[in-house]
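Each in structure tokens, the structures are laid out below.
Note that subunit A is present in both complexes that follow, paired respectively with subunit B and with subunit C.
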Partner chain A sequence: MQIQIAWRNIWRNPRRTMIMLTAMIIGIWSMIFLGGMMRGMMVGMINNGISTLTGDIQIHAKGYRDDPSIEYFMPDLKGIEKTINKILPRGSRYTSRIRVNAIAANARHSTGVTMVGIHPVKEPGVSFIGPGAVVHGRYLVPGNNNGILIGRAMAEKFGTKTGHKIILMSENIQHDIASKAFIIMGIFKAEMQSTEKHFVFVTSSSARHMLKLAKGASEISIILPHHKGDKKITWNLRQAIPDSYEIHTWQELLPILTSYLKMFDGFMYIWFLVIFIAMGFGIVNTTLMAVYERMKEFGLLKALGMRPWLIIRSVLLESFMLLVIGTAIGNCMGFLTIHFLSITGINLTSLSAGAEFAGLSRIIYPVLYPKDIIMANVVVIGLGLVVSLYPAVKAARFTPVEALSHE
Partner chain B sequence: MHRNCVECRDIIKTYHQGKICVHALNGVSLSIEQGEFVALAGPSGSGKTSLLNIIGGLDKADSGSVIVTGKSFENLSDSKLAKLRLNNIGFVFQSYNLIPVLSALENVEYVMLLQGVPAEERYERSIQILNDTGLEDKYNSRPAELSGGQQQRVAVARAIVSNPMLVLADEPTANLDSETGMGLLEIMKKMNRLKKVTFLFSTHDNMVMDFADRLVLMKDGEIVGDKNKV
Partner chain C sequence: MLVCFLSTGLLNCRAGQQPATPAVPDAMLYRKPVTGDFLVKKSFYYMRGTASISTVEMIVHRPEWERHMTINAWTRGDKNSIFFITAPPKDNGNGTLKKGRGMWIFNPKINRTIKLPPSMMSQSWMGSDFSNNDLSKTDSLLKDYTHRIVRTETENSLKIYTIDSTPKPDAPVIWGKLQLEIRQDFILLKEVYYDEDSKPVKILTTGDIQMMGNRLFPVMWKMQKAESVESDDSVNSKDKYTLLIYKKIKFVPDLPERLFTLSNLKNPGKRR
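Here is the complex of A and B:
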């Protein structure tokens, strides 16, 4: 009967209830939607970070990260690969690369780039580069000793196209200047323009030839199934691989991204709180209005013998019902919005320069995390009940005589 | 020997309205036996409602003692007073004070819900009391769908259904026409006779005063007359 009474009380003033519900629905919807969008950005940033040649785990020769030059190469590539094969779970992929800083030049321009010598067959699936990323021309093939892939943005900047020549200069293993002319085989696109500007890809054999590197590679990049278990596998690799090598997870390789992600949860929960504070004032105000409107009735209930805590309970029950209805509808709307946008994505191409600065993808696909949904609902329902306590206690504290004489 | 249902001694109550002190009750003493049907009469401002509020435990006296149904109000917490009202005292108000979202039946049931009476018994007793008060066709009507007389009968049914020893009614017929008011008084009298419930009601209506078995007259916060007509 208490639930029935609470339900009827809620609908005494339908307009007020609808306004309150609308505020709650918008509040919870915005929490879920913005939470999903922020998580989508986060996932996009992680995916960009991992696929832009980082991988889940990387192995280098000791000292390479401090000075990424060709002299810090891994000589015993076969031995490491043998160890990796024993440790990595089924479904993992890895590739080795030769990676050095270089200068790219043509007749019009020159710029600093990262030259990456890749294994054309093993690279796709480990990073973004592969046949699918090539928008003009074709992808590299093993044994191709003068082909190069450059990014779309770099091609525009250099005013060049496939079939044209580009010169790369770098330091070889003997600390001499090495340079080599390459023919643009293909132009690739990447999620971020900076990747298109700063990376050029050649085959590892041509890189080796240019840098006079007989064997070995600069790095091994590993992708784990579903990007899971990196810490445990890193630990296992560290036990198995000699100390002359360094093994890092993507979190260690991308420290700025990692700290940004750590702040993400905090930002989101602050955002939830901000929304709730705005909503909370509405809840208190509306509940207080409803309580004052029914002051005489509370006086009657007390006169009849209703104890104060039962009055508090009845007011809280009404708030709880409203909160549950509001959050339920808000959740449904939030889920539908996220579902729709997770198919179409949110296109930030017009903001790509700014978005890229923050490491964001051009298209964001919102993602729902159960913990965010739970948090949003707990914040709204939990804190909603807490702020409803004030009007509830107020109702319980009316003396019957003052309440009954209230007009 | 009759046991007193209400025993008030030297009740003093003063209200403060800003800088003005209003002496509502100036040392009122009153005893009412179980089963009496008493009218508390007097002009407006004579202290009738103040006395009813104090006897009903809705307000506290500045000094004096109140014993209702054998229980002293002295040192009773709000919660214990609420429990005492719930189980021993019924209230009928001038402006009916029914809960607008509940039907007549639910309004009557509500007090028993607070008492923890099982649902089936609540329903049976409510139906019975509504039949006794002539509301057999109004079980499911909300207060807004009832006339003033019908609403006041629901209020009387609500006051009686929990089997209180005392019913306090503050000018129960003031908002009713004389015929409806007389009908209500007859119902109250019937309940008084049937259930031996003590009725104490305030009024300044001569018809109501004539109807009471005992008439207590008040003026300026004091009892100026006490006439037993039976």
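Here is the complex of A and C:
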């Protein structure tokens, strides 16, 4: 019976109720939508970070991370690979790379780049580069000793195309200047423009030849199946591989990204709270109005001997019903919006220069995390009930005399 | 205007007075058919000598400003050289040592020599239109290119050969092609740097050929960006150049090895 009374009470002033509901729906919709957007951005950032030559785990010689020059290379590549093979779970992939800073130049332009000597066959599963990323020309083949892949943005900046020359200059193992002419085999595209500008790829054999490195590589990058278990495997690797090597997870390799993700989490809850505070005042205000309107009624109920607790309960029940309807519709709208947006993605290409700065992808696919949905609903319903407590208590406190003399 | 000195018409006005110089044995020229390789090699060693000591004024000209510097230079063989700036006083003592493919610069203000990292090789030397690479890879012309004579002209009874120099396939050379103009007495008149689309990028012209240090030598060397470079440059490219004016040059048989060392670069007392 209580529920029925509450339901009827809600619709005694339909306009007010509708306004209230709209506020709630917009509130919860924006929480879910923004949550989905932010999670989408985060997932995009992580995927970008990992596929831009990071991988889940990396192995370097000690010292390379502080000074990424060729002198800190790993001579005993075979031995390490043997150890890795024993430890890594099935379905993992890894590859070794030679990675140094270099200067790329043609007749008119020159720029600093990261020269990456890759194993053309092993690389594609580990990072973004592979035959699929090449938009013009061809991908590298093993044994090719003067082919180079450059990014689309760099090709545009240099005004060059496949078949033309790029000269790379770097320091070789004897600290002399090494320079080598490469022919552009292909032009690759990447999620981020900065990747296209920053990286050039050659075969590891040609990189070794240029840097006068007989064997070895500067890093090993590992991708785990479903990106799971990186911490445990890193620990195992650290036990098995000698101390002259360093092993890091992507969280350690990309410290800025990691702290960014943490900040995002905090930011989201603050956002939830801000939306709620705005909504909360609305709830209190409306409920308070409804309560004062019905002052006589409450006074009468009191005079008839109704217990204050029951009055509180009936007011809370009204709020609760409003909240449930509001969140239900809001959730549905949120899901629908996210569903449609996740098909096409949110295209940020027009803002790509700014978005790049924050390390965002060009297209964001919103992602819903159950914990965010639960969080949003709990915040709204839970705190909604808490704030309605104030008008409810107010209603319960009316004395019959006061209420009946009220005009 | 200094530019007028550089027009080829004026080139021979003084050179004409010295048709037979000891450095140009005419007989050698005509003994066998002249090839591009021969001319370039001869010209390179003619211009550079086995060793030389020179004083050069460098003028970096830009539409808004101009900078004058005086440089003392020593060269030895095809790989070693050392230069010091002597004027303006602000830059006095700044030195560059080039040994093999390595380059070091010394700045007296910080009292430190710096080995030029690869990243600085394509930057300009002392703000001029010459890049560090232009200086450090001087012998690249002999090593990295194949030379072919494409045209022969005669001016004032001296033959001028136009030579196309194409980089060897694996040579670490950024240019698509060089075009050299070498006079029959091995004086380099012009060097045009082309990109891979065969558009000129930079042009080096020499002029005002005079008797200097026992041989005919161009006094003016001008490095200029080609006009068709980029739209924003094209307007001013005429007004942007670097001019080298040889005040003194002396060719000597040899110079002591100790001149071309880091300690000499650092220690200004020893070198004068």
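As a convention for this text, the second predicted complex is superposed on the first by the 406 of 407 C-alpha atoms of A that agree within 3 Å, B and C clash if a C-alpha of one lies under 4 Å from a C-alpha of the other, contacts with A are read in each partner's own complex, and residues count from 1 in each chain.
Keep in mind that, in the parts below, a residue touches a chain if its C-beta (ideal position, glycine included) is under 8 Å from a C-beta of that chain, and two chains touch if they have at least 3 such contacts.
Note that the structure is predicted; figures quoted are calculated from it, not measured.
Once the complexes are laid over each other on subunit A, subunit B and subunit C both fit without any clash. Legend: residue contacts after superposition of the two complexes on their common chain; A:E171 is shown touching subunit C, with no touch to subunit B. When the two complexes are overlaid on their common chain A, residue A:K157 makes contact with neither subunit B nor subunit C. Contacts of A:L300 after superposition on the shared chain: subunit B is touched, whereas subunit C is not.
In the superposed model, A:K189 lies in contact with neither subunit B nor subunit C. In the superposition on chain A, A:A105 makes contact with subunit C only, while subunit B stays out of contact range.
Applying the stated contact rule after C-alpha superposition, one finds that A:K180 touches subunit C and leaves subunit B untouched. Geometry note, superposition on chain A: angle between subunit B and subunit C about the Cα centre of subunit A is 150 degrees, to the nearest 10. Contacts of A:R238 after superposition: neither subunit B nor subunit C is touched.
For the pair subunit B and subunit C, the least inter-chain C-alpha distance in the overlaid model is 80 Å. No residue of subunit A contacts both subunit B in one complex and subunit C in the other. Of all residues in subunit A, only 101-103, 105-108, 110, 112, 146, 160, 164-165, 167, 169-171, 176-181 touch subunit C in the complex they form.
Across the interface of their complex, subunit B is touched by residues 1-2, 5, 8-9, 12, 296-297, 300-308, 310, 399-401, 404 of subunit A. Residues 53, 56, 58-59, 78-79, 82-87, 91, 93, 97, 99-102, 106, 109-111, 113-115, 158 of subunit B touch subunit A in their complex. Residues 101-102, 117-119, 121-122, 167, 169-176, 193-196, 201, 229-230 of subunit C are the ones touching subunit A in the complex.
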